[in-house]
Amino acid sequence: MNFAFWIISAVTVLGALLAVTLRNLVHCVLALILFFIGIAAHYFLLRADFLGTVQILIYVGAVAVLILFAIMLTHNVTGTEGPREVLGLKWWSGAAIAAVLAILLKKAILSDPLATLLPAGDKAQTSVAEIGKVLVAGWVVPLEAIAVLLTAALIGAVVIALEEIRKSR
Amino acid sequence: MWIAAFLIPIGFIFGVYLTIFAFTTLVERKALGRIQNRYGPNRVGPFGILQPMADGLKILLKEDIVPRAADKFSHFLAPVLIVVPGLLVYLVVPVAPGMVAVDLKIGVLFALAVGTVSVIALFMAGWASRNKFSLLGAMRAVAQVVSYEVPTVMAGVAVIMAAGTLSTLTIVERQGGGILNISNWYVFRPWGLVGFVLFVIGGLAESARCPFDLPEAESELIGGYHTEYSGFKFALFQMGEYLAGMAMAGVTVTLFLGGYMGPGSGPGLVGGVIAMLWFFSKLAGMIMLNIWIRGTWPRLRVDQLMGFAWKVLLPLALVNIVAIGFWHFLTPRPLAWVVTTGWLAIWVVVLTKCNAGAALEKREYRFT
Amino acid sequence: MSIPLGHYLILAAILFTVGLAGALTRKNAIIVLMGIEVMFNSAILNLVAFWHYKHFAVPTAQLFAIFAIAIAAAESAIGLALVIAVYRHYQSVDVDEMQELKG
Amino acid sequence: MDQHLQDLARQQWLIPAIPLVAAAIQSLLPRGARKLSAGICITGMGLACVLALRAFVATLGHHEAAWAVCNFTWFEFGTTALQLGFILDPLTAAMAAMVTFVGFWIFVNATGYMHDDENFTRFFCFLSLFAAAMLGLVVSNNILLLFMCWELVGLCSYLLIGFWFHKPSAAAACKKAFITTRIGDVGFFLGILMLFWQTKTLNLFNGGHGALEQADKLAQLPGWFGWSVATTIAVLLFIGAMGKSAQFPLHVWLPDAMEGPTPVSALIHAATMVAAGVFMVGRMYPLFIAGGSVEHPTFAMDMVLYVGAFTALFSATIAVAQFDIKRVLAYSTCSQLGFMVMALGAGGLVPGQFHLLTHAFFKALLFLGSGCVIIGTHHEQDMRKMGGLKKYMPITFWCYLIGMLALAGVPPFAGFFSKDEVLLVTFQRSKLAWGMATFAAFLTAFYMTRQMFMVFAGKWRGGDDHGHHAESHGHGGHEPHEVPWNMWLPIAVLSLFAIGLGFYGGKYAHYLGAEEEELSGKALVMGLSVAVGAVGILLGWFFYGRKPLAHASDPDPLEGKLGWLFTCLNRKWYVDEFYEATIIRATMATGTLFRMIDKRVVDGILHSIVWIVRGISHVCRLVGDEFFINGGFDTGCQTVRGSGWLMSKLQSGRIQTYFRILGLGTIILLVVYFLKS
């Protein structure tokens, strides 16, 4: 069971790393998609199936495509990155900060007693229906809020992107 | 041991569906021939039965050309990604009672989610071949798939609300019973019928077949996103396309046509076999429907296609959800029938009326 | 034999820092957005891990996760729209060139 | 009667006012208004003359000295009030009448003399201004007003002497006149100050507590050099008089004043201005005699006496050797003034004043006569170039003769009586002075006859010395011609007075209120003076009448006799040269000395101070301002800008920088968290 965890986390980390370091934008997106699928797999491992599918549906289906479209719109079609930028002070400082943060987090996690908590065993997995019921019953207001937020985001994105067409004509 | 438990369904899926794919190509060409008043392929083997094998062999022997400027990695990966979602859908399609590769509680959602992956594959294919036409074709395909996916999912929501569960098995079970295991099919419900139509149209659009086969419309884009592919990759593209089509057909069957439910299908071995027979016959029927449509309907224009998806199908799907709502809460059955059919009829009229202008506007030619 | 929570936390931490490093070092705005997406997902993974190990019975965690994913999606949509608009102005998505809002 | 006098006194100020107004009007007239200007001037003088005579007549009838004063407040500041006043007494009345009458006729003569001068209007404006000043001096009862008019008179003499300012000699002469009189005025001014200081009032007669009424009180107070205050004031005032009346040390300006037109000389240097000094002494007489008696007079009286006597003798000697017709008369005036001063010094107020009056008339006559001669001979002034004018200018000759006889002291004429009185008084006082005076009288008679014969006898020597020049003009020498009526009428009138005035000597004494007293040795003095006069005339005839000069270039007969003495006399005893050598050089020397001191010492000090200050300021700028203030300030705002710049770097607009800062922040928080736990 846990070797699946290692494989999937390896895949996820690889995806993330590649997404960040690759030169070719489209390859980055593909790596990112791999990363998203890795995360979805983790959700399945953690027995949060619904989340897994939602993750795939939203991220892989929508966000990845969105990013691809963004790349298409803002880049020359070849999508190749410009000349490899010199690893200036900026690059090193960024990496240094991230590394230090990683060390500190790791130290924090290891020192915390929670780290050694073991899974509670195979209790009944919450079914999607349950989630649905709770969602609609207890969390209706947030649900509606999220709905409004998403519509607003939708309209906002359209307005920002569209402006170009009206202007160009 | 548990690995074996995994391998058998995978083997079944591969074996069954791939052979169905092979023969669908043949049947399609013969049917189109028939529609076009000509014989289909009948040279290879009796009545052209061996034509698929010949095609397969031919494609295997063909040289696999990769354009120099192409993006090696994604060029190679694209065909694979197109095939995978098609196959993944079959995991959740119940062939016989209890016989489903994986009985996911969120089967339907999984099937639909996986469908979205194909979008990326299309794009990668188009983009990787560094060809303006293929890129245009890919962009069109992506746009089309994405815009038709939404109404399809919404239509599926109606069924899920009716069945109350996402698991495909339970949905099929719910459609059983009734007169000869048929009357309970969702297709015989008003909202079910609307949902069925939406699903069929969605299915055609997603697999870019017939009226919506703009991406690789020969006359305009010389084959769309898979122009640069040749040899086995091209075969994979064909396979992916057909599998996606059949996958949508399978899902349609499970959701609306009662899956393996039919007179005589039951839990036992014999019932199971009869159920499987019912399932595959319904599947064949749906495929024939696709081929039939392909043979008869003209290709849509891009703006008509997009307009149709967002201005007609989506509203209809939302209306359908409302209808299922009425159906669910209006306890006296006939009242439910009247209300939902009336509601749906009104909306159908309204939608066709307000979209009439857009859809059928007279096309003015610049160079008369 | 099963995996302790610590592993997931470390995994999430690593993913988060990788995302942060990406966001910090890369010059391309879209890559930065992707970095941010990675950070988002690592956070949600962390949340789900905690849910799985401590409050398995309670479904609300998943709600939170869903809401978080929804928000992340909206955010990335807006982000990308902005990037497109900025691109129109700057004719490039180089983060360093977008300096006009300076002190 | 007294009320009438009081009214007249109150109208006294009109006499000077009318000529003043006339002068004001004339000053506004354009150069072309010649007739109008002359008319205004003469009418103004005529009116003043009428008023003066009216006042004179009013004072005649009184048995004792008719006397009225009118004081009024000029202006007040704070508690002290400055008062002015006018006086009507026999002295003033007589003097005013004389000045206006003689002035009138001189103005009439001037119209002829200045006939072809283009600044005609300006000349007559100055004349009326002068008349106003003189009359103001005469009628004032306030010593300050007197001093003001005194200065105005000095100014007018300057203007009139220097009338032909384009002649350098005239310009120098008017300056000389003005400065010499100013020197005298300094003494006068000190006297006024002392008088005011002691008596606290400037009015001479103010109902009891006027300046002069306190003379006896002043006599007791100790003044300078051991004299009493009164004597000191008297001495100072006399110095002023010496300057104005050309007494010995300060007489040098009078001969040079002849540069002015002849009517000016007649008016100013014969009749009026020079008489002002004598009049002022007469006016201030109580101060002079205060503290002393006839037996042992005060020092002031002695001083006046001997100065007068010496001046008379001295200038008479110079007059003998002069060739310019006007210079002879100038020196004669000088000696006659010496006689008047001597008379005053000898205690004879009345003889002095009476001689002043008579002298005014016949000296004005002589000057106007010389004016006529000059016009007649076309501006010829050198007696050697004249001669034989008797036949050409008969009227002028006869009037001039009368004037000469009066001056020489021939009995029936005015000059004899007044000079005799003077000699008589001097005889009482001091034999030395009387001897000098008598010799002076002899010299006077001599040089007057010399002048008569040189000018009127013999033949016309005009044009001789230029010899060939005259012929080249083709029509022989310029024949002298008789002067028009408006020139010889005045001298005719004046000659009448020169004859008749002498008989009124006794009446004049009574008029002035002096008590009649019989003086000893009257016959001796009178006889001697007549004899001396006759001898002088005979000698004059002997040298000059018998064989008048043939040519202008002939040497003067006297010159042969006297030799070096004659040239010495002609050079005016080298007094001018002496002054030039001593005083003027001394002042020039002191001037240059002070200039050197100023240049070296004062400038030096100043420059060094300036240099030091500049140095200090330079240092301050360098050290203080530049280094501390600017430096401090600059560094201050530099740091502020620097920090500002630093902060702005943070807001660099690059998103990733903000991200990095964010990361840094979280790291720090974590570190703190670890450190704390």
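By letter and in written order, the chains are A, B, C and D; residue numbering begins at 1 in each of them.
Going forward, a residue touches a chain if its C-beta (ideal position, glycine included) is under 8 Å from a C-beta of that chain, and two chains touch if they have at least 3 such contacts.
Quantities reported herein were computed from a predicted structural model and do not represent experimental measurements.
**Q** Where centres are the averaged C-alpha coordinates, which chain has the largest centre distance to chain B?
**A** Greatest centre separation from chain B goes to chain D.
**Q** Taking each chain's centre as the average of its Cα atoms, which is closest to the average over all protein Cα atoms shown?
**A** That would be chain C.
**Q** So what's the Cα centroid distance for chain B and chain D, whole Å?
**A** The mean C-alpha positions of chain B and chain D differ by 146 Å.
**Q** Provide the C-alpha centroid distance between chain A and chain B, rounded to the nearest whole angstrom.
**A** 29
**Q** When the centre of a chain is set as the mean of its C-alpha atoms, what distance in Å lies between chain B and chain C?
**A** The mean C-alpha positions of chain B and chain C differ by 34 Å.
**Q** Using mean CA coordinates as chain centres, what's the gap between chain A and chain D in Å?
**A** 126
**Q** Where in chain C do residues touch at least two different other chains?
**A** Residues 20, 24-25, 96.
**Q** Residues of chain D that contact two or more other chains, please.
**A** 656, 659-660, 663
**Q** Name the touching chain pairs, would you?
**A** A-B, A-C, A-D, C-D
**Q** Any idea which chain C residues touch chain D in the complex?
**A** Residues of chain C touching chain D: 20, 23-25, 32, 95-96, 98-103.
**Q** Would you mind writing out the residues of chain C in touch with chain A in their complex?
**A** Those in contact with chain A are residues 1-11, 13-22, 24-31, 33-35, 37-38, 41, 44-45, 48-49, 51-54, 56-57, 59-60, 62-63, 65-67, 69-78, 80-85, 87-88, 93-94, 96.
**Q** So in the complex, which bits of chain A are touching chain B?
**A** Counting only chain A, the residues touching chain B are 24, 26-27, 30, 33, 49-50, 53, 56-57, 60-62, 64-65, 68, 72, 77-79, 127-129.
**Q** Can you name the residues of chain A that touch chain D in the complex?
**A** Touch residues, chain A against chain D: 90, 93-94, 97-98, 100-101, 104-105, 107-108.
**Q** In the complex of these two chains, what residues of chain B are touching chain A?
**A** 71, 73-74, 77, 104-106, 109-110, 112-114, 116-117, 119-120, 123-124, 127, 130, 132, 135, 139, 142, 146, 149, 164-166
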